[in-house]
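Have a look at this one before I ask anything.
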Amino acid sequence: MVALFHAQGVRKTFGEFVAINDVDMMLEKVVLTSIIGPNGAGKTTLINLFTGKLPCDSGRLVFDGTDITGLTPHQRVHLGISRSFQVTNILQQMTVAQNLQLPVLARLGRAGRPFARPDRDPDVRAEVESLLSDIGLAKARDVRAKALPHGDQRLLEIGMAIACRPRLCFLDEPCSGMNPGERAQVQELIRKLTKLRDVTFVIIEHDMDVVFALSDRVIVMHQGKVLTEGKPEAIRNHAGVKEIYLGEEVGD
Amino acid sequence: MTFEALVYQGLIGLSLAMYLWLLAAGLTIAFGVLGVVNFAHGSLYMLGGYFAFTFYLTLQMNFWLSLLLAAVSGGVIGLIMERFFLRFIYHLDLAYQILLTFGFVLIFADAARIFWGGIPLIPPMPEILDSTVSIVGRPFPVYNLFVIFVGIAVSALLWLLLDKTSWGETVRASASDREMASALGVNIPRLFTVVFSFAAMLAALSGALGTPVRAMTPGIGTSVIIDVFIVTVIGGLGNLPGAFVGALIIGLMKAYGVLLFPDADLFMTYLIMALVLLFRPKGLLGGR
Amino acid sequence: MASKSAFNRRQFLKATAGGVALAAPFIQPAQAQDPIKIGAQGVSSGSHADYGRQIQMGARFAAEDINAKGGIMGRKVEVLYRDDELINDVALKNARFFKAQGVNFMVGTDSSGVCLALGPVLPELDLIQVFTHAATEKLTEDLVFKKGIKHIFRGSVPVYQDAILPALVFKDNKDIKRIANLGADYEYGRTSWAMFHTTLKKFRPDVEIVGETWAPFFTADFTPHISALAAKKPDLIFATPWAGEAVLMLRQATTLGVFNDIRVWWQCMGGSVDVLEGISRDVATGKFKDKLWATARYIWNWPNTPENKAFVGSFSERWGRLPNYSAECTYSAIFALKAAAEKVDSVKTADVIKALEGLELSTPAGKRVYRPEDHQAVYNVPAGRVTYNKEVAPIAYLTDLKVFPASDYFRNPPFN
Amino acid sequence: MKSWTALTKAGLQTRLAAAAGAALAVALLIIPLFGDYVIWLTANMLILALFAVGFNLLFSFTGLLSFGQAAFFAVGGYVCALILLAVPSLLLGVVGGVVAAGVVALIIGFLCVRHTEIYFAMLTLAFGMMIHSIIWKWRAVTGGDDGLVGVPRAPLEIPGLLSIDMADLERYYYFVLLLVVLGIFAIWRVVRSSLGLTLQGIRDSESRVTFIGLSVMKYRLIAFTIAGLASGLAGALMVPLGRSASPAIANWTFSAEPVIATMLGGAFTFAGPIVGSFLFYIIKEIVVIFTGYWMMTLGIIVLAMVLGFRGGVVSVIQRQLLPLLERRRNDLGG
């Protein structure tokens, strides 16, 4: 197993509050990793640091051999790191198709073309079509994103994240507010893409069913530190984990 | 620049700063709480001036009373603006709010022409304030000292009002987080009306304070508003102490500028604003 | 030159002939009984609104006067008025509007910038404009004399009288050695100050400039400028901010106690009615210690002629205000156009231009002569000390009038 | 079914737009028949329309409210004037003006695009007024408040190719019409292009666009520069029309005109600013006939507009009229 992404001594503080406390983390290729932990454990902050939404106070981030600590978010995307957000973040005023065209254009370096119609670009079209079928929104192609039901909006955002053809993709609570059907669809999609495109997914999820059904590896965070990590079964029976989740039942 | 000039021009600048401070205070409070940038704030300054003129000279009232009544009348205008117009557009894009208040700028300018005519109006200087005191061996207007005093007094009152009263608490609460405040059971619509008309009062007071030394003309509103924007932005929009600092900077800059770079005073004010925004994007003391 | 402009005109008419045909509602060919239309414009919104108002009053008053006496060549006079907002493009739009309305002549315009923009377009419009306020010498010296734009005339006095007259008034006053400038930071202020101190220095090399400050348009508070100058202990302060700005500047000067130390405050345009109205109370209470001197391009209490008295009397009766210089200049300009038109019994632009060149006309302000070289109306204007006496007038006025023959302070062609 | 109505709606919209466009085109072509004043007014409307469309690319399609567009209008105008006073070549003047405006927009934009919302508006206002005070002060070059006057409406010359005299207002009007149409068409294409998609993406969600790998700053700057070019072209066309340039066109009050026009016609639509620009002039023309208090009247109209029919004229047509027409169609259909 090769390390795709390596975080060394990453630290982030907000005033007095230490959100991320010297975290070291290794993410291996095509190993579907879940990050869990109680609210305020620093899961989302960690992703924000990895993807460049926030700068690290200290520490080093290495992606596939290159140091990305100083890179801007969009530079990291070009290297192959993409993400979705905890709170749905899509282009509300635009159609589903357009939401997917933009990341494709970005990847092809055609987003700045001043006169070319995106919908007339054969490459873009083909790719958008396959994405649409991947996330199962082919019928909603021309619907404005804001008009979509919540579940479909979450799916669309995942679609945008993978439209970047990432090698490493962070999904922040992809299944939040979804009905069982949609959850199944998301899991199905994640598995498929992992297989087909060797995408390495890292998901933050509260729904333990999803976590244990999906993950090859689980990382447990607590108070800005990595509490423990390991195979789902190991975590399921880990005493410390039970403890920090006291009240919140783990698994069933 | 000699020490004498330093002190004397400094005091002149301080009095300029106080007019700006009263204006900026209102603008920034209104922005902080309502999130509205009021282009007509300068027009309220103008109306305050005209009102003071009418009470003091036309109706022969006592000067202090005229100041008070002018401020109150300005508050009433503000109340009407908020209650019957602004209230309906808070949810809209910034541009609509700016446009609405800009509409009021146009209306007030012509209204002034209708009610007070086009010629510059200036009441006589009230006796008590109509003299000079010697500062660094030169005569300094008592009136400017009075303006400085009022400015500082208002600052003190604002501080008491906002930091020491429960009303001030609710204002600050809703300034920082509207949802939270309404969750705490604050009557947001009423609060907005009160705050906006209070802001208007401050603008009108500034204008009223200006009448004996700054003649009122229908166009005065648009000529002051830009300075006020600069002041509030320098200090940080919605930041009251920031507005004070900004007013001091611009006031003193105008006074010393005459001595230091007599050929570039307008340019300097805009330059200062641009520089502040470039290096402190949210203003010197940080804004919303 | 005239022939050239005539040629332009023919070209112009040819070009728009097609348009004219279908543009009946916009351009009516003038028949004998149609009224003679005069387009007037000035600023009647914002801080300087009163100047446009005065132009409007002057023009309407002239029209009423003329119509009462049978009009121009039996044709009634009709005045169209528009606000130019002190903005070039608005003024140009208004001029086009007047043209479309088939006006025969144009008068007015307050701002120098606007008149310089409007002047060069007049040949294209084939319209005469008599400018009745804007004071920049460039209008007559450059556009008319040097560039030969014959459609431009000016019925009011250029900056000469704001700037050169005071030099003449005070050249013999040995007490004045230190002069300072509180300038309006635009062409008018810059030119006036330059003309004033160069002229004064010609007579009085010993005079020294002790201070210069410049205040931008729309300055609400001049105290920094005034105090900066006061620190230099000048004998004379030369101030160019006008209208409302003059009023508040003078009040601010009094609060700073400037008038205890200086000998003279020369206020350009201080003789303007709106300013005098604004400062009346301070004059009445002796705030200026009789040290405030002013001038205007016409003042109602000079010359002391029956004609002027009659004009002032009926004007104040008609409008409840004393006539400002822009009112008198506009009034007289329309009479000049009347005289010229009747002289050649025609309202054709080319004819009237010829008739106006060298025209001599007695007006409320006294005898005006339209110099053929630069189309500038030459007439005498007094300067005076500002005083108040409610027996004489409801507002402050000028006394101790110093009258110099215009020839002394008017610059003359070829303007070198 | 849904898609069918969507289709007909689209069809109806485009057909309606096409019809309106055609009508407008004809009207604009025959304008000179109504005499110089109408030509003059229309030329001004066209120039404001281009100015406003440029502003709207920033406002409605990138989500930036600029209050300093007059600066670029003025740079375009003054540079054009300076060139024309030196060399009598209209083309050179216009091109020079546009380029200069573009460069200035690029520089100022670089400093502004880090900001959004009110701070962006204020920063653009500040830089705009800096340009204004430079124009006011740099008398040797700009003529101070007198401005640059007697600018020749030089002939349109391409050496060896063509030479058209522009002294005649009618000819110049067609020149303005041509360039304004080209300018607006170019921006229309931009809005529909990949770049346009990116800009609208930034408007909808800055962070989302960042995390699909695009530099928000870069594209904001591009939009700002395009808007600057449009303003510059408008200015460069305005100056030879009035044959003068004055500081008024750099003042913030002039920056407000495209804003008002856009709101009047309808923000978040492409045609809004164009319709609004025409209304802006027409309303004022009508108002000044009836009252000298045009400011107050205009103000009341603005108020009524913001409170009454917000979306502006165009979206009123889209939201109120089109549905009616559709219902008619559907009734007929079923």
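Residue numbering begins at 1 within each chain, and the chains themselves are lettered A, B, C and D in the order written.
We adopt the following convention: a contact is a pair of C-beta atoms (placed from the backbone, for glycine too) under 8 Å apart; a residue touches a chain by one contact, two chains touch by 3 or more.
Nothing here was measured: the structure is a model prediction, and the numbers come from that model.
Undergrad: In contact with chain A and with chain D at once: which chains are those? Just list them.
TA: Per touch definition, common to chain A and chain D: zero chains.
Undergrad: Mind listing the chains that sit against chain C and also against chain D?
TA: Common contact partners of chain C and chain D, which must touch each of the two, are B.
Undergrad: Measuring between Cα centroids, what's the chain most distant from chain A?
TA: So the chain farthest away from chain A turns out to be C.
Undergrad: Whose Cα centre is nearest the centre of all Cα atoms in view?
TA: That would be D.
Undergrad: With chain centres defined as C-alpha means, what is the inter-centre distance between chain A and chain C in Å?
TA: That pair's centroid distance is 74 Å.
Undergrad: Just how far, in Å, is the C-alpha centre of chain D from the one of chain B?
TA: The mean C-alpha positions of chain B and chain D differ by 33 Å.
Undergrad: When the C-alpha atoms of chain B and chain C are each averaged to a single point, how far apart are the two points in Å?
TA: Averaging C-alpha atoms per chain gives centres 36 Å apart.
Undergrad: List the centre-to-centre spacing of chain A and chain B in whole Å, with centres computed as mean CA coordinates.
TA: Here chain A and chain B have centroids separated by 49 Å.
Undergrad: Name the residues of chain C that each touch 2 or more other chains.
TA: 44-45, 216
Undergrad: Which chain D residues sit where two or more other chains touch them?
TA: Residues 133, 136, 295.
Undergrad: For this structure, give each pair of chains that are touching.
TA: Once each pair is checked, the touching ones are A-D, B-C, B-D, C-D.
Undergrad: State the interface residues of chain A toward chain D in the complex, per the touch definition above.
TA: 51, 53, 72-74, 77-78, 82-83, 85, 89-94, 98, 101-103, 105-107, 110-118, 121, 142, 160-161, 163-164
Undergrad: Which stretch or stretches of chain B touch chain D in the complex?
TA: 31, 37, 85, 88-89, 92-96, 98-100, 102-107, 109-111, 113-114, 222, 226, 229-230, 233, 237, 263-264, 266-267, 270-271, 273-274, 277-278, 281-282
Undergrad: Per the contact definition, I'd like the list of chain B residues that touch chain C in the complex.
TA: Going by the criterion above, the answer is residues 4-5, 8-9, 12-13, 15-16, 19, 109-110, 113, 117-122, 124-125, 130, 132, 138-141, 143-144, 210, 212-215, 217-220, 222-224, 254-255, 257-259, 262-263, 265-266.
Undergrad: Going by the contact rule at the top, pick out the chain D residues touching chain A in the complex.
TA: It comes out as residues 3, 6, 189-190, 192-195, 197-198, 200-201, 203-205, 207-215, 218-219, 222.
Undergrad: Could you list, by residue number, the parts of chain D that touch chain B in their complex?
TA: So the residues of chain D touching chain B come out as 59, 65, 111, 114-115, 117-119, 121-123, 125-127, 129-130, 133-134, 136-137, 252-253, 256, 259-260, 263, 267, 293, 295-296, 298-303, 306-307, 310.
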